[in-house]
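Which chain is which? They are A, B and C, in the order written, and residues in each are numbered from 1.
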Amino acid sequence: MTVAAETGSLTRAITVTVNGEARSAEVENRLLLVHFLRQTLGLTGTHVGCDTTSCGACTVLLDGTPVKSCTVFAVSVEGREVTTVEGLAPAGGLHPVQEGFHEEHGLQCGFCTPGMMLASAALLAENPDPSEEEIRWALSGNICRCTGYQNIVKAVQHAGAKLREGS
Amino acid sequence: MAVSEDRVVRGIGHSVKRFEDGRFIRGRGNYVDDIVLPRMLHLEFLRSPLAHARIRSIDTSAAEAVPGVVAVVTGELLAQHSLAWMPTLSGDTQAVLATDKVRFQGQEVAAVIAESAYVAKDATELIDVDYEPLPPVTSPQQALAEGAPVIRDDKEGKDSNHIYSWEAGDAAATEQAFAEADQVVELETFYPRCHPAPLECCGCVADVDPATGKATIYMTSQAPHAHRTLFALVAGLPEHKIRIVSPDIGGGFGNKVPIYPGYVVATAASLLLGQPVKWIEDRTGNLISTGFARDYHMRGELAVKDGRMTGLRVNMLSDNGAFFADAQPTRCKAGLFHIVTGSYDIPAAHVQTEGAYTNKAPGGVAYRCSFRVTEASYLIERLVQTAAYELGEDPVEFRRRNFVRPDQFPYKSATGFTYDSGDYEGALDLALEKLGYADLRREQAEARERGELIGIGVATFTEVVGAGHGAEYDIAGLRMNDGAELRIHPTGKAVLKLSVKSQGQGHETTFAQIVAEELGLQPEDVEVQEGDTDHTPYGLGTYASRSTPVSGAATSMVARKIRKKAQKIAAHLLEASEDDLEWSSGRFSVKGAPEKSTTIQDIAFAAYTNIPEGMEGGLEGVHYYDPPNMTYPFGAYAVVVEIDRGTGQWKVRKVVAVDDCGVRINPMIVEGQIMGGLTEGFAIAAMELIDFDEDGNCIGANLMDYLIPTSWETPAFDLGMTETPSPHHPLGAKGVGESATVGAPAAFVNAVVDALAHAGVRNLEMPVTPDKVWVALQEAGLGG
Amino acid sequence: MYPARFEYHAPTSVDEALALLERYGDEGKVLAGGQSLIPLMKLRFASPGALVDVNRIQGLDTLEEGPEGLTIGPLVRHRDCERSQTLRGRYGVLADAAPQISDPIVRNLGTVAGSLAHADPQGDWGSALLAAGAEVEATGPSGTRTIGLDDLFQGPFTTSLEPTELVTAVRVPDPGPRAGGTYLKLERKVGDFATVGVAVHVSFANGTVGRAGIALTAVGPRSIRATAAEEALAGATLDDDTIRHAAELAAQAAEPRSDHRGTADYKRSVVRVFTERGLRKAAAAAREEER
């Protein structure tokens, strides 16, 4: 078995579909996905809150599944689909989760909000009518320092109701 | 005629949905790390691995040789520009980059400036520092012991680690009360070091323009104007050539009040290199080097006579870390701790505090608290419960008998505060009713029979917020006043500029509602601007729950000034005498002839198009508010917990929180603040802790070790309210941002202690972790 | 926090991955879920010269039950186990462990095999799979070998895997028709490592215990099997006395150290309490299976 890849290279050309659009760049192997999004692509809605995969501020959807983008290398998502907060809303509108967070005062400083909303959207895609306990469980990988979570629970319930209405 | 819906001005008391949400839910916030400037460089620190060591030498040559590295900054280089040390908010000095010694683990030793943060980080690993380890001092008791190593040998003539002694109240009267007491109850407790840890760490982008000499510093600042003045004083830059821009802030909770070495080094580097420099702290840097909170060793004694509290004596020892950098009013070395008599009518009190240097991070900030009020509230609420047990009385009844009564306001406390207003029993009654207190006490007794442990904890706190009066309260000499500048445009839309700075509190909505209330505009017609020192009026910023008490009042006052002018213009438009006009809901009308009226929008247009002869044009004003007194929000919190006798884990079954913060401007936002504060209070009681081992290594240096509760651990909250307006605030508002963090820790700890109290347990130290509860269960013979 | 530079390869076959691992030797590291490795690299506690990302190799993500038991592919994520119906019931120790690992988002990427290879004494899979009697299939340049978990774990973050080997499957033996188990974890919050974890996995035959597996998390330098407790249970009726005795033996098997999570005495006591609770739950689960 021969190894095709060139040896010694510290960079790689990647193409990633971000919010529905193919984005290509030559990146360092070590570039974290969150920095690819924020720095290479200028999508600064995804935030960094810790270094240890603890806070979830950097949560994005990878092929629809929430992942912490500070703990994924950009080179690893070559050819895959990433959704960030900038891609959550349909053109000119808002995703029901965005509406829910606004209506129920589910955000204060806004720093955890993008990650929190993406984790919420993924939950609702699987379970459009989650109980309070299911919501608290599904969001327990995302830290919010401001709200105390109660209004976030309401926001997700609000969005769930909206989604069920629409379906 | 019914008032149509669109004529209802959504001013005070309306839960207006937040205007700021629009950008945040779309990922269009603008936080410091989102700012990218042309030719921008990146700064990464090398931090000390040791708590106490002399620096023999620093070799930066290998780091400088890394491709992409532009400069390596050391304390020696800064010293050449007299920038190696900077003043703190408490009048001490703090090393910007270490020169002689490192004094805590994580202290900034050198900074690499490079074309990318990745490269800067690579290069920090190549800096070679030769340290001579010195014995670390890891507690204030150790610091003040005979023969302790002197941490601050940089200070001339400093031969001990003692920082200050401070007292409040009347020692003699207190002695007298204790001499006459039936019973004396004691509680010795430690409020441990914790950290505000906002989700966004600190950072800045410093951009010193070599052509104009203007320094624009985008930074995570809760107090941009104060920071600009301090920058001018520290760096010797002319103040009009400094512009601080505090963009969207991802939470502050006090962490973003001090000035940190990162801001100074980035600015110095930008000045020297002629390029913008970005410094973004990582989480470890945030937790181990920036403003911590608390770290107070407290001993409280309560004198009781005939079931009444007659005297309170408190002795404290404060661990201030390596530099005395507390953020607090100048004359108050222990902040506003002397609010420690709380909600109780205690005729005599005396507080004595000593401060000590240790080999720990500096910066005793008030983590969601108005200058040490949390420590005070915790001590008295824990002590009161202890006293009730010792007297064989229900803690609720003991509190009730000793409250300051409504007819005693304004109430002068034994330590010198004048409480503005309160109805403590009213809040307590509501909380107990919502909780079902009597039933729960019965259930608790029955559960004990079955060997199950339930605890009910109460805290009836009073806090003091909204500093100052400026003559009494200043920070670094700057009077604690705040400004508001309001301009009404010709089409009746307004811009309000404030000296405070939201970090999530919803100022863009709340303050628009104040203008709405005062002028009859809809709140969405008012844009609120903050954070840019070139474009907002001067003031001391947002912390200590002071935005609504101070800038909120300033907003009211400036709006009223404008209404006065509007009345003159209305008289001109209506061809009536000013005195014949009456104001309601955004319009002036002629008394007795309501059909003759003009709206604020018409008046605004006239201000630019049709003013009376001799009147100055425009419709705008500015007001600087100096509060006549502070405000005293209060509340009653009650918590029910269940204990797992096998593991010591405790589970919260119910939380009731009744708050009285005076008049609520936006009830939705107020409740949001309370729930956030309750969560942080729960977190401090249950898990948050910055600890150190005997070598001074920080335990709690990342979010795997510094535990912040998630949605799963955080209990649900049942909120209630009473409303006792502040008599001296123009709107009757008191401020609410910190109430819940002040009141909650004692309620949670009281609940856990209450579950074990029948077996003689009186105290558990925060954070009340399962292992501590387990030990208490074993000692009390309750192990399962 | 930024990791150091490394070379990166994303092979599409096991053979290609093995060739890369052989080329890099000690300098190479397998990247599967990355949820332990990448944080270590960001903190620069680990700086491998090259990463071999196995996520593009097809067919490694199957979780299936056969007559011999379970086969867990090396790219099976914690999330897959959490949602697997197969793991409910007789493999309850695994079903209960899965949702207690880290947090829901980390579970979407982290893998079972990666956890075992990481060999964190605070890792939950180590003791859960130890209790279940699992073994790993390791494939290297000289072929495939099977390693029991007892032999896999050598100490903190140390395994008997060669740097040139890849875990190609985790196998869990069929526990027989009536079995039950659970995993109890004391954590300070979601996302925390265990202060103490106890895995219990019991097969029943004719009303008595057949095989019993009890393993402990975070109370020693590696995941610990409480063998004396297991032996005391084998062949016994699961009554109160037996349970209490086994729990005592499990507590004795623990080698906890005092730290900021609690004293050694405390942790040992929690092992006893959890073993008791776990055995009661296992017995109840097996009765449930029987119905």
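Just so it is clear, contacts are C-beta pairs under 8 Å (C-beta built on N, C-alpha and C of every residue); 3 or more make two chains touch, one makes a residue touch a chain.
Values in this document were obtained by computation on a predicted structure and should not be read as measured data.
Taken together, the touching pairs cover every possible pairing of the chains.
Two chains share more touching C-beta pairs than any other pair, namely A-B.
In terms of the distance between Cα centroids, chain B is separated most widely from C.
Centre-to-centre separation between chain A and chain C, using Cα means, comes to 28 Å. Centroids of chain B and chain C (each the mean of its C-alpha atoms) stand 44 Å apart. Chain geometry summary: the mean Cα position of chain A and that of chain B are 30 Å apart. Counting partners per residue, chain B has 118, 282-284, 704, 708, 710, 712 as the residues that reach two or more other chains.
Annotation for chain A: residues touching 2 or more other chains are 28, 30, 51-52, 54, 137, 139-142. Taken residue by residue, chain C touches two or more other chains at 1-2, 4-5, 103, 190-191, whereas all remaining positions touch fewer. Within the complex, the chain A residues that touch chain B are 28, 30-31, 38, 42-52, 54-55, 57, 84-86, 88-89, 94, 98, 101-103, 105, 107-114, 117, 132, 135-137, 139-153.
Residues 1-3, 5, 7-10, 12, 28-30, 32, 51-54, 56, 59, 65-68, 70-73, 75-76, 78, 119, 137-142 of chain A are the ones that touch chain C when the two sit in their complex. Against chain A, in their complex, chain C makes its touches with residues 1-11, 13, 15-16, 18-20, 23, 31, 34-35, 38-39, 41-43, 51, 53, 55, 79, 102-106, 108-109, 190-191.
Those residues of chain B whose C-beta lies close enough to touch chain C in the complex are 117-118, 121-122, 125, 282-284, 646-649, 687, 691, 699, 704, 707-710, 712-713, 769-771, 774-775, 783-784. In the complex of the two chains, the chain B residues touching chain A come out as 17-18, 20-29, 31, 33-34, 36, 118, 197-201, 248-251, 253, 282-284, 503-506, 668-669, 671-672, 675-680, 702-704, 708, 710-712, 714, 716-717.
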